[in-house]
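There are two complexes below, and they share chain A, which is joined by chain B in the first and by chain C in the second.
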Partner chain A sequence: MSTSRLRKYSISYLFLVPSFLFIFTFLYYPVILAFIHSFTKWNLVTSEWIGFDNFRVMFSDSVFLTGATNQLIYTVTDILKALIFPLVAAELIFLIGGNKIKYLFRTGFILPMLLPGIVTILLWQNIYDPNNGLINQLLIAVGLDSWTHAWLGDETTSIWSIVFFGFPFIAGLPFLIYYAAIGGMNQEQIEAARIDGANRWQVFTKMHIPFLIPQFKVITILTIISSLQDFVKIMVLTAGGPGVSTTNPAMIMYNAAFGSSQYGYGSAIGVSLFLVILVLTFFNLKFLKTDY
Partner chain B sequence: MSNGTQEELSVSNKRHNNDLKGETSMKKRQLSSMLLAIVMVLVILAGCSKSNSNSNGTESASPSGSKASETASDSPSASASEAPKEEKTIVFSTIQNYYTDGLKKAAEDYNKLHPETKVKIDIVVDNPTYTASFQAKMAAGGDDAPDIVHANLLGDSPGNNIKKNFILPLNDYVKEPNPYNNGTSLWDGVDGAYWPYAYSDAGDIFMVPFDLVGTGFYYNKDLFAKAGITEAPTTWEDMFASFQKLKDSGVIPLALTQVPGQDTTGWMIGAFTDWAARSLLPEVFVQPGDARNTPDVEAINSKVKYAADNPFFDIGAVEDPERRMALWKSGKYDMQGAAEKKYWSTLKELSKYLQPGYATMSDADSYKLFIAGKAAAYWNGSWQVGTILKDQKSLKDKAFAWGTFKFPDFKTPDPNFPDHPRGILVPGHQIAITNKMKNDEDKVARAKDFVKFLFSPAEAQVVYTTTIEAGQFVQGPSLVKGVTLSDEVNSYLTGFITAGNMNQGIGQIANGNPKGEANLNSEMKALQLQYYNDKISLEEFLKKKAAFTTKTNENYIAENKWDLDPKTNP
Partner chain C sequence: MTARLSKWTGSAVLVILLIITLVPFIILFFFSIKDQFEILIDFWGMPEVIKWANYSDAWNVVKSSIGNSLYVCIVTVIGAVVLGSLSGYVFARHKFPLKGLLYILLIGVMMIPSLLTIVPLYATIAKLGFTNSYLGLILPYIAGTQLLGVLLCRTFFESLPEELFEAARIDGGNEFYLYSRIALPLCLPILATVGIVTFLAVYSDYLWPFIVLAQEKQTFTMAAVSLNRSGQSDIGLSFAGYIIGSVPTILVIVFGMKYYIEGMVTGAVKS
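So, the complex of A and B:
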């Protein structure tokens, strides 16, 4: 860059400096530190270089492997939930007549986004409560007392109770993405298809679905990232229990670092999660670039 | 300062006049300048000295809300009177709800007495954060570390923390006269039976014990009576019979949590292993000829003699973690033997009477079941008394009669479980002083003075009363002589006093996980739940538990590079 241009934009650069300093200090620097510490045995006071030992321990640890398996269940079901249910909702609202009703439904689905996440989690914790929870109370009310259950406290149902969290799974962001995309479709083409004899199902499968592929990709990658990072929900609902039946790598990372002062091991798990997310993101970006 | 200023002005005027005259020689001017400088220095010193005495006078006249303050006014402490008048803040770090309001009141009272010292009560949310924060701050030089801390939450052995210069040895300090207690030292002002807990493995006093902490059962007397139970159970067999009656009457017999990170059954497991393996304890204490032995340690441990009928035999004994691992390795304790079978069967039986969802229900939610009258009993610690008292008041006409009972015996004496079980019975609030001598010696002196103030009977009383009124945790009966509590509170607190304190370390020979790692705790809990839920037999469970113990203990031994010979250099 020439000196004259640098001088010309000096004020702009000067204003950008604080932002970059903050980003580097609080985002990049900790990540770099975590990479370094993942090769150490570090308890905040002493640090010893141990090479790949943390990673070796991680992949031979039965708790971590259980957590990884659970994570696979969470991620796959999270993707399915994010791909299917908001799409169905968006399609249904798009189909119903009357702008006012559309607006009303749209707002109804978006409004819960304003609730802090922890409120929703605590609400579901109460829904599942074995003694006073909504589900068990409903079962008792309809005479199905024998079906009442400690939904989160029994390892046969706990992981599926977490999967079922948030039913009917119409998350605001995917819903908005789908709805905006459907609204942006070429309605003349769809009309032409209908005139040619295509029914609604055919329009949906042959026209909408192919058109929405970029949205599917975006939602998939966003869901994978949030699913792998999900810690609060599991911490509040079950703390990974009963035993280890609902734990996941993020939970194990937290326990190692903040429950046992194994910051090196915790960093190794964090770095592994980071790499998994990074690989999937690159894969997705490349995939998107090829097609569009 | 006003006198000094006047004199300065006067001298200055004189000089001004001299200059105006312009008749003095250079030598005279130099001489007068020198004299002027000397006079000014003397005037300033005189002013400062006068200021100090004034401040002291003000302090003595300061109003105070407590007797301790009055006592101190009569005989101010040496350290306080020597303290410079610069305003400084000392930090007392505690855990959320643990005497929080009581300590804040003590800080206010102290500040009235010593306006130059502000005591900040720093409240940390939980134990792991407390530990990590202290270790990190001290490792970073200690400038930001608190001045007064809980010795039992510092993340390393007291001996190591003294060696690392993280906390101060208090050997001489506790014997100093306490001006806030009519000259009675901390040593004499605290229940002498609990000083043995205050020694590090090198024989240094590392803390001043403030109270006792214990675990036990809270029970709803009304629900027990409704189910036809008139007496609190004293044996496991009676307790199960009572719990069955309660279950039949439609209430949850017992609420407790087994959620990872909060699992309170760990105290029961600890009490059982201590009961079963107590006779082996002398083998884990440092012995003459050991590498870890010192004259001080030898003096303490030489008094320790195991006797089945003396639950206090090991108070203050200094242990060797390497010996503990050697004992495990020796196989002297049968990890799949009769004692193990009996107590795990007992715990499985107990699980049948717990609230549904106990494996993931938090302690707070378990407590809610008890206070709401849905659970008839609740297993926890003496620190919960303040909260229950407050909640009972809030319940008004829905309040219920309640009491406490201890960890039970077995009805029929069992040779595998000699005498009676011990529980947790240790000083809970263990006050230590951070070693910041190189950072700020004056602050250390002020911290020491505040601790003396806190341990005066009058101020300790204030701390207790304020804490109970706020519905916060008093951990148990006070160890400060002269503190009296209401009969009601005493009856609840003393209900937790067991005969002796269990040795929690001995559990490592049966259950492994010597470092108490959170993820390993979850792994072990998963195994227990498989057994409780009939997915594996008792024999399978004990076999898998033994394998878990081997894995975790071997890792621990390797990590510490121990050869399991206590005579070699650690």
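So, the complex of A and C:
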């Protein structure tokens, strides 16, 4: 029995071998390595078991604590940016109506997504440039010379310059999610409410907002996950500086591993961020319930 | 009256938001045809003469990096599409022990944040001897990007009628024939979605190439960042370089808009 069944199934398993070979080698194996080596001092060649020392060092390291505080600012503002601005744009597009105009605006807002993300980052670096940057040039043009700044190079403005990156924060997945959801709403219900005397604001707060709760939830989760992992922007714009004013845990992880060959410490930060993501995602799914 | 008024304010706000959204990209184009000296002395002025030479100079700087990026993208897309559709086919049309568990094991990988694996993946690549090699990019990329294919292809293949496959089996077609000649041709639109999403993600990636590759093998994103470092001396040249390097993503998105948005939304919501 077992040989004939094995033959019957062997083709299925055989077909799955390539996919699993790839995910075991390049995903599961590295994850296991990360967990093991978060308890070691590791230079990629030799490793030495040091228990929880990496985690202890992490929580007593003032750079890491600054990074964690910065991360809180980044994540909270990232959520607000993703929840508010794309929603306002999507709502206004449906408010002014007209299929052609709707299409035109939607296309316009997602146009920046045509370019690789790194180009947008480099463009914003230019916008913040103290000499030839758009912001300072604009200030000079309107006579506010005294307001000009080395936006990314000054500790007082650097972190807010990174938060402000990408203003008005519309081009992106949240906008497309809202746009699709609003477009798919039951128009008859809304018309009925309008006839009964509800004004636009009431329709928005009493009908649109409750209807969009699932979208808010998805966007919040996705934003938290990407916010905690996002450091390419920081790496290119400021490298975490000046000082440590814009750094975040992911950036510190990168520097620990690839800057000073502390791969064990880097792994410990990676594992910690992973656990934070896990807990926050769980919390989101559990407590931001959709039952309205 | 108030309705008309709110429509007008609404339109005005939208137009302002749209302008602010697009301004950086207007500047990108504007400066790419402007002479460096002119940018420095007259920021707002129209270019006296349109300096197309920025483009030919930038082309010489970025062309090999674009070639490298395209090579990595194309090999990755082929790998992702083949593996994704093959495994998607097996999970949709075959019955075998441990199927549910294996599927969770495969798709569950989407829950692993890439940040967690950066450091140990580099160790893995180093152990395999793939540092400063395109394989060090391509193989991990395939591992991650095949999953969207598995997800979409499984759903699609499950919707096909069994008679389609039964007829081919009676005609003596083996399983590989069923996959490659019956299933695969039917799911080309889905593979287009997978291919486009994969292409864009790989082409735009900066971090992993920067970690794995040395300068002489650089991808476009690496070239763009180093253009910027030297670009303090010539903004027009670097901006022209950014535009040239963005042509592949622009073309892929414009010709595959429908598939692109579909894939992005499904990928995000399902993972």
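Everything below uses one rule, namely that the second predicted complex is superposed on the first by the 270 of 292 C-alpha atoms of A that agree within 3 Å, B and C clash if a C-alpha of one lies under 4 Å from a C-alpha of the other, contacts with A are read in each partner's own complex, and residues count from 1 in each chain.
Criterion: a residue touches a chain if its C-beta (ideal position, glycine included) is under 8 Å from a C-beta of that chain, and two chains touch if they have at least 3 such contacts.
This is a predicted model, so every value here is computed, not measured.
Visitor: In the overlay, answer first, second, both or neither for which of chain B and chain C A:Val279 touches.
Guide: The answer is neither, since A:Val279 touches no partner chain.
Visitor: Look at A:Phe167 in the shared chain and tell me whether it touches chain B only, chain C only, both, or neither; answer first, second, both or neither.
Guide: second
Visitor: If you stack the two complexes on chain A, which partner ends up touching A:Phe258: first (chain B), second (chain C), both, or neither?
Guide: A:Phe258: touches chain B and chain C.
Visitor: Between chain B and chain C, point out the one touching more chain A residues.
Guide: C
Visitor: Using the superposition on chain A described above, determine whether A:Leu176 touches chain B (first), chain C (second), both, or neither.
Guide: Touch status of A:Leu176: second partner only.
Visitor: Once the shared chain is lined up, is A:Ile84 touching chain B (first), chain C (second), both, or neither of them?
Guide: Touch status of A:Ile84: no partner.
Visitor: For chain A, which residues lie in the overlap of the chain B contacts and the chain C contacts?
Guide: 44, 258
Visitor: Spell out the part of chain A that touches chain B in their complex, as residue ranges.
Guide: Touch residues, chain A against chain B: 43-45, 61-63, 129-131, 149-155, 158, 237-245, 247, 252, 255-256, 258-262.
Visitor: Please give the residue numbers of chain C that touch chain A in the complex, ascending.
Guide: For this pair, the touching residues of chain C are 3, 6-7, 10-11, 13-14, 17-18, 20-25, 27-28, 39-40, 43-44, 83-84, 86-87, 89-90, 94, 96-97, 102, 105-106, 109, 112-124, 126, 139-140, 142-144, 146, 150, 175, 179, 203-204, 206-207, 211, 220-221, 224-225, 228, 235, 238, 242, 245-246, 249-250, 253-254, 261, 264-265, 268-269.
Visitor: Tell me, which parts of chain B touch chain A in their complex?
Guide: My answer: residues 128-129, 131-132, 135-136, 139, 155, 252, 258-262, 355-362, 365, 369, 374, 515-520, 522-523, 525-530, 533.
Visitor: Note which residues of chain A are touching chain C in the complex, please.
Guide: Per the touch definition, chain A meets chain C at residues 9, 11-13, 15-16, 18-20, 22-23, 25-34, 37, 44, 85, 88-89, 92-93, 95-96, 105, 108-109, 111-120, 122-127, 132, 134, 137, 141, 167-168, 170-171, 173, 176-177, 180, 200, 218, 222, 225, 228-229, 232, 235-236, 250, 253-254, 257-258, 263, 266-267, 270-271, 273-274, 277.
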